[in-house]
Amino acid sequence: MVGVTDLVTFGETMLRLSPPRGERLETADSLDVQAGGAESNVAVGAARLGADAVWLSKLPDSPPGRRVTSELRSHGVEPAVAWTDPDAGRVGTYYLERGAAPRGSNVVYDRAGAAITTVTPADLSTASFADATRFHTTGITPALSDRAAETTRALLREASDAGLTRSFDLNYRAKLWEPATARAAYEELFEHVDTLFVPRRDAREVLGREGDAVAMAHGLASEFGFETVVVTRGAEGAVALRDGEVYEQSVFDAETLDAIGTGDAFVAGYLAKRIDGGDLSAALEWAAATAALKRTVAGDVAVVTRTEVEAVVAGGGGIDR
Amino acid sequence: MVGVTDLVTFGETMLRLSPPRGERLETADSLDVQAGGAESNVAVGAARLGADAVWLSKLPDSPPGRRVTSELRSHGVEPAVAWTDPDAGRVGTYYLERGAAPRGSNVVYDRAGAAITTVTPADLSTASFADATRFHTTGITPALSDRAAETTRALLREASDAGLTRSFDLNYRAKLWEPATARAAYEELFEHVDTLFVPRRDAREVLGREGDAVAMAHGLASEFGFETVVVTRGAEGAVALRDGEVYEQSVFDAETLDAIGTGDAFVAGYLAKRIDGGDLSAALEWAAATAALKRTVAGDVAVVTRTEVEAVVAGGGGIDR
Amino acid sequence: MVGVTDLVTFGETMLRLSPPRGERLETADSLDVQAGGAESNVAVGAARLGADAVWLSKLPDSPPGRRVTSELRSHGVEPAVAWTDPDAGRVGTYYLERGAAPRGSNVVYDRAGAAITTVTPADLSTASFADATRFHTTGITPALSDRAAETTRALLREASDAGLTRSFDLNYRAKLWEPATARAAYEELFEHVDTLFVPRRDAREVLGREGDAVAMAHGLASEFGFETVVVTRGAEGAVALRDGEVYEQSVFDAETLDAIGTGDAFVAGYLAKRIDGGDLSAALEWAAATAALKRTVAGDVAVVTRTEVEAVVAGGGGIDR
Amino acid sequence: MVGVTDLVTFGETMLRLSPPRGERLETADSLDVQAGGAESNVAVGAARLGADAVWLSKLPDSPPGRRVTSELRSHGVEPAVAWTDPDAGRVGTYYLERGAAPRGSNVVYDRAGAAITTVTPADLSTASFADATRFHTTGITPALSDRAAETTRALLREASDAGLTRSFDLNYRAKLWEPATARAAYEELFEHVDTLFVPRRDAREVLGREGDAVAMAHGLASEFGFETVVVTRGAEGAVALRDGEVYEQSVFDAETLDAIGTGDAFVAGYLAKRIDGGDLSAALEWAAATAALKRTVAGDVAVVTRTEVEAVVAGGGGIDR
Amino acid sequence: MVGVTDLVTFGETMLRLSPPRGERLETADSLDVQAGGAESNVAVGAARLGADAVWLSKLPDSPPGRRVTSELRSHGVEPAVAWTDPDAGRVGTYYLERGAAPRGSNVVYDRAGAAITTVTPADLSTASFADATRFHTTGITPALSDRAAETTRALLREASDAGLTRSFDLNYRAKLWEPATARAAYEELFEHVDTLFVPRRDAREVLGREGDAVAMAHGLASEFGFETVVVTRGAEGAVALRDGEVYEQSVFDAETLDAIGTGDAFVAGYLAKRIDGGDLSAALEWAAATAALKRTVAGDVAVVTRTEVEAVVAGGGGIDR
Amino acid sequence: MVGVTDLVTFGETMLRLSPPRGERLETADSLDVQAGGAESNVAVGAARLGADAVWLSKLPDSPPGRRVTSELRSHGVEPAVAWTDPDAGRVGTYYLERGAAPRGSNVVYDRAGAAITTVTPADLSTASFADATRFHTTGITPALSDRAAETTRALLREASDAGLTRSFDLNYRAKLWEPATARAAYEELFEHVDTLFVPRRDAREVLGREGDAVAMAHGLASEFGFETVVVTRGAEGAVALRDGEVYEQSVFDAETLDAIGTGDAFVAGYLAKRIDGGDLSAALEWAAATAALKRTVAGDVAVVTRTEVEAVVAGGGGIDR
């Protein structure tokens, strides 16, 4: 079998452990288990929508490690994993209690000591860069360890050399680091990034931007030379800036069964449509539709189809029989 | 034991296979299984509300076949089944993914080759017609095979001879046949039908009716000689026409946990109240109340009680303790 | 280990048996089982929010009996149980079908013959009164049997002698007794009660009070000499009266996954905050916040944390990562 | 629908609540629920093997009450139930922890106050006696209350008058009564019984018989005039005596997934074969085969088919594809 | 990504629907769902043990169709599927009740009308033959339809042209065809087969061989020119013949939790070891070990690891901590 | 509430995550979760058999941390936990796949970075030593970190000063350290130990003992001055040496549903009986009975009762009704 690759992503994937909706971790007797990680969520979403996707990471060669790759492969993502001795690093996990207003969803990370914290560029095969067109990673990876940060930088540089379009989702995690530390790390990476995805709140609180989303996008684009900046604004939809032109995308209403992974689904829809040859406006529509559909599906990843995304873009829904 | 029968229905019942809410078929590891079919849904609903109901059908004599009759019997419906060799026909199944906006519910029929497609009038015992007062079937059955269509006609005729009131729910299924074919088949049956249930959309798109629901009802009644025509209009409620008089019935608000079977619950409530001696207006109230309650219950059938229907009609709800 | 006790409660705890949401008891193949009872719900909620709580009751020494105490202990409540021979009384149970509009939640009590109906003051150890500051019971207990009513009276008196503040939640249950009988029983107890919790509807329909909630509170306080009266008004929030001063507390919006136990959570939040030194106004805020959080958790008891209650009071929510 | 009845049984059916295998009641979060009762177990088993069976009992008209009849009906048994007000009697329940050596299965009865304890002959319709050939009940029913004992006697007498063959399974329950009391009650009934099923241990310890199983059968037959006596000896198989002739039946080896209901399955197989025209020897074979199959199925009742029983009798097994 | 292929298999994969152990299909409320098919079972087993495996088949492009490929991909098998319109063929299913002595496992096939029955050589891409070394299929495929039989022949021929070693597992299914018909079809294929796997019983009853397993192997090899013949004898182990030399392999004791797929696991272990360079004797050891491990795992496929197979071969087991 | 303490244990408790029996971690969608740790297993078992038990440990103040203490408390164990900031240490977890011959149970530890690795004597309150009579810990704790080893030593010394009888279960874990390192660490602790539990294999392979179990016990007792040495020999039962006298205890046959925790159950039974005043011989019987019962219960801990242990000692079993 000879494959082609459209998209390469890099990052940590954890096992997500969550009690049934309405139950608490303290009293649960069984936990649903799924693979979840920002960058593999993007790879899965894009793969399901038609892209050939490879995911780079480091995992212990153990049942929990293989649990992660099994699930990614089931969605058609090719894991290019540096397998290590189980003693040299674990599979990160996270506990999720899905909330219901006024009780917020609660995420308890248990990712210290994960194998990926020891990753080096030498661990990873970038053979897939040869025929790929896009590389994607997020601001979570550099927060995991110095090595992970260095490897992020190295991969962005190598992707650049290989002529790939590099996208980066800020994904600031307050439980991992302080805003100032994060900002410094991000800014070191920005020179290697073509497309930035950033929530408005993080643009303000972490990157220190002011004004509305458009102003933020202009400021970031001009300071760091991004080709494209996409600022997401929660229920108010997204704004994108490219070549001085502004694009607005509203949100599709959705019944939220599981909010985790919505942002990753947004990026997945965007990248899949770009890879498919769609323009920025079409990519934002797919992004918003994929994000809306994600909310209706339990788990981190957007288990949706191209047909469903197109139906949402076209205004569909209802029972089909 | 000597029984009496109020209602006889005829049609296909499938096994419905559905993943838990929020999960997708592609990733599910277990599926809920239930018996579901328009005509048995009506029989179950009516039986639960007090009618003595018999259901006519054809099934293979196998565990999946018996799974269907076990469930119907548990609700008090008497299955009068033509049991066949398992090699001569299967139990139809359908896969259901319950949706959440903007993802619609998705029904994947897997009913080709079902035993019922070979049904003939000779297969079925109509002994129950002797003391019954009503016969009900739907527009799904004639779509299944020529034999099923012929048998539908024969049963309607026989019901007529036996003096039963015959009702018919259009239940157009776009996945089974084209509108024009369906219309021709329906119109051949209409002369044997006393009461027609039809959604406004199907009246327009399949039967080619124009105007509002009342106009449609008048047109259908005058053209085909129906005693009663009930046109359902989704959230706008139903309209019925009988002896030139128009009855309006609005919808009871409901939290929808499972929308499948709502239309069948409507018919079940209607028929149960008519059998119970209620007038058309009361029957429409029961119809709407049963339909609303169905939405709160997982599965194809309205697992509700007479007391609950009466409470909804009376405007009840709340925790009773 | 040497403990201290803040709160002592007394009452019946049952096993609650409920099918999954959207399923009916008639068709369920498995039932969730949890311990539930107004007074232990209060003890659990208060214990989870920081109070040292003891629960007095009578149970058979059997697996179902121990199932109850295991669950209470898991939340940090100390059960002080009079264990009896299993032949001398059962563990009450109740069946719960959680509703969805327009189908109300349905509670089927199966508590006849419970061990607690034979309880006498001599059965119970009130050693925990020595260092406790509050005693709480509800209007359910005296409805269970004459002995339970007598024991309630005796405990309230003993609590009084021990200098404890005694609170009483009316909790009228129409399935247990008639309003007039209940009223007579309540009024006999009122002289031993410092703080009364009463729903406005019960104040009107059972206690025969007229006017608005404030007028009711004034009337009750003046007639029976309560230090504090808290009248709850469903979605309109609560009103409290103390030393002639009126306090208003609105409701926090909540997505209701399980409404049972909301009132007990209200009392638990109130008592926990009072025990913690909070004033009446702060206690009402905690009460409302705990009640709102309870609605998001399956089961009778408020499996929440102090941090979560404080977040709701502070207006929080959202995903925390 | 006009039915015929072969077999009428009478007795209490409870809801059986049991944690998954290997779990304990004290720690379980969900319980499997099934209908279980010696006499309905027999009716279900016989109905599944081809007999038309009616079950007489008394139940409250409530969801738990209907849960019982739904399940019986699903197996083809016709419940002829005296429905009472839920306040006038409950549905008995029992908790079952399935054991694994050396931990025995543990049954915790919670049947006090069941509706059946108030049953009178006037409550029950014996219309089904008209065309039935056999009546069956067990030694559990008279243990439940004086009224239940009287009704048992009355039904046996009425069955006699109607010309039915009456069978009785001793089913001594040490948790319900003392051996001496039980013996006296049994002996009052024996004159109305044609066929007695009795475990060897109970013949010895309760009925005071001595010697081996054959000697016991002879003694019982001659003292009480039974037409047939079947003595079961656990793993050593059964011995039957009829018209002075002795029949031996060994046990079929079985992997035991759930031992409860094995004795009832034995009786069901026996009665079904007798009703089907089989001789005593064939009936014992069916009895043993049905009992063996029961052990492989979770729940109180023998969810098996005639084909399976015949395969066991013929020495079958293995995967059939 | 550039892949290599070791093994190509061809055949039908169904969705397997099975109730929990000890439950019956007739009473089950949920069914476990897994992908199962002899040839994909072999591909999965071999892939898990280190081979690069491709599976050829035809499926409808629908959620049930994708359910199959998702699961195969999760184990590392590359599906090379001819996707068809869902109206042109369904996904076959089968119902499985796992048995317990004396109740055999029961398989109810529901595979009529499966998409694969319309498969033609033109539908399938054999690009993977280019770098593969082995092709495997079974005697189930030619039983499905004439087209499937023709395609089997065509693929065996094409595999021959491409220089692949072709193996064939007789897998006679009495529910699909008569012995004589099957034999004729098999014998037409045998000229294209290098390695034959056949159970002793089928060699006798279907292929008409006499004598012991070794004699059968000699007869088959000399008549049809097989390079290797492996005769399996259930609990007595396997016998292989190659170049006139006989190899014996006994069975590893196993606790059977799920017997389905044991034969496929045997072939998978065999092929994986051969692909890995192992000799016939080593391949038989792996075959037997993989088969034994399969019995301990629920589902059709051997979810085992190379380490586990090696441990069994080496005589391991026990708790490893 | 004023408590007394019989037994204090010290060690790590993890969350145990395990797929249902017969399923593999790689393919599981949900995992059972339970608290498990050698020393808390002993505390729970002893508490369930009547001892007042306190468990010392260190945990993060988070939902997973509280999940551990909730479960221990539900069995009546009093957790005396040093709660730390969740950033300062995690809750260790372990993945368990329960085996079936020839597939061994597989334990994957994920305990690196657990809060307990930072434990110091100052973290822990030993107030419970005041009225306790026994202290127990195991050879796992010193393997976790230098600090945990030092704290183990300090607690043993403090227990000695407080006059407690100190027991130690060797519990060598090959996945945690090398035999030589372990031996050195153990021997440093032995001077503070009164009662040693050691499996024969570890006595030989880790402690370098030769000869049979009795010889090993003599050697260890004389070299390290133990009051009592208990050598366990798997299916061959245990041997104990005390004051030069040898006691033999055979194993009770058990159907093994879950083997994990059997050794801890043995110790729990032993200690509970000693605390209860039983002599060594009686303690060994309880030990063996509790261990046998544990095998029939899913989870790490012996969810059994005193009555059940006594029944096993007395040779009981069977269904009790």
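So that you can tell them apart, the chains are marked A, B, C, D, E and F in the order they are listed, and the count of residues begins at 1 in each.
Operating definition for what follows: a residue touches a chain if its C-beta (ideal position, glycine included) is under 8 Å from a C-beta of that chain, and two chains touch if they have at least 3 such contacts.
These figures come from a predicted structure and were not determined experimentally.
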| item | value |
| --- | --- |
| Chains contacting each of chain C and chain E, listed by label | A, B, D, F |
| Between chain C and its twin chain D, rotation from the CA superposition, multiple of 5 degrees | 180 |
| Interface residue overlap between copies chain B and chain D, same or different (over half shared) | same |
| Chain C and chain F: spacing of chain centres that average the CA atoms, whole Å | 39 |
| Inter-chain centre distance, chain A versus chain C - centres from mean C-alpha coordinates, in Å | 46 |
| Euclidean distance of C-alpha centroids - chain B vs chain F, Å | 61 |
| Numbers and ranges of chain A residues touching at least 2 other chains | 24, 26-27, 29, 70, 74, 106 |
| Of all residues in chain E, those that touch chain F in their complex | 21, 74, 252-255, 257-258, 289, 292-293, 295-299, 303-304, 308, 311-312, 316-321 |
| Chain C-touching residues of chain F, taken from the complex the two chains share | 1-5, 52, 54, 70-71, 73-76, 78, 127-128 |
| Touch list for chain D against partner chain F, complex | 20-24, 26-27, 99-107, 109, 173-175, 259-260 |
| Residue ranges of chain A in contact with chain F within the complex | 17, 24-34, 62-64, 66-67, 70, 86, 90-91, 93, 95, 97, 106, 108, 110, 112-113 |
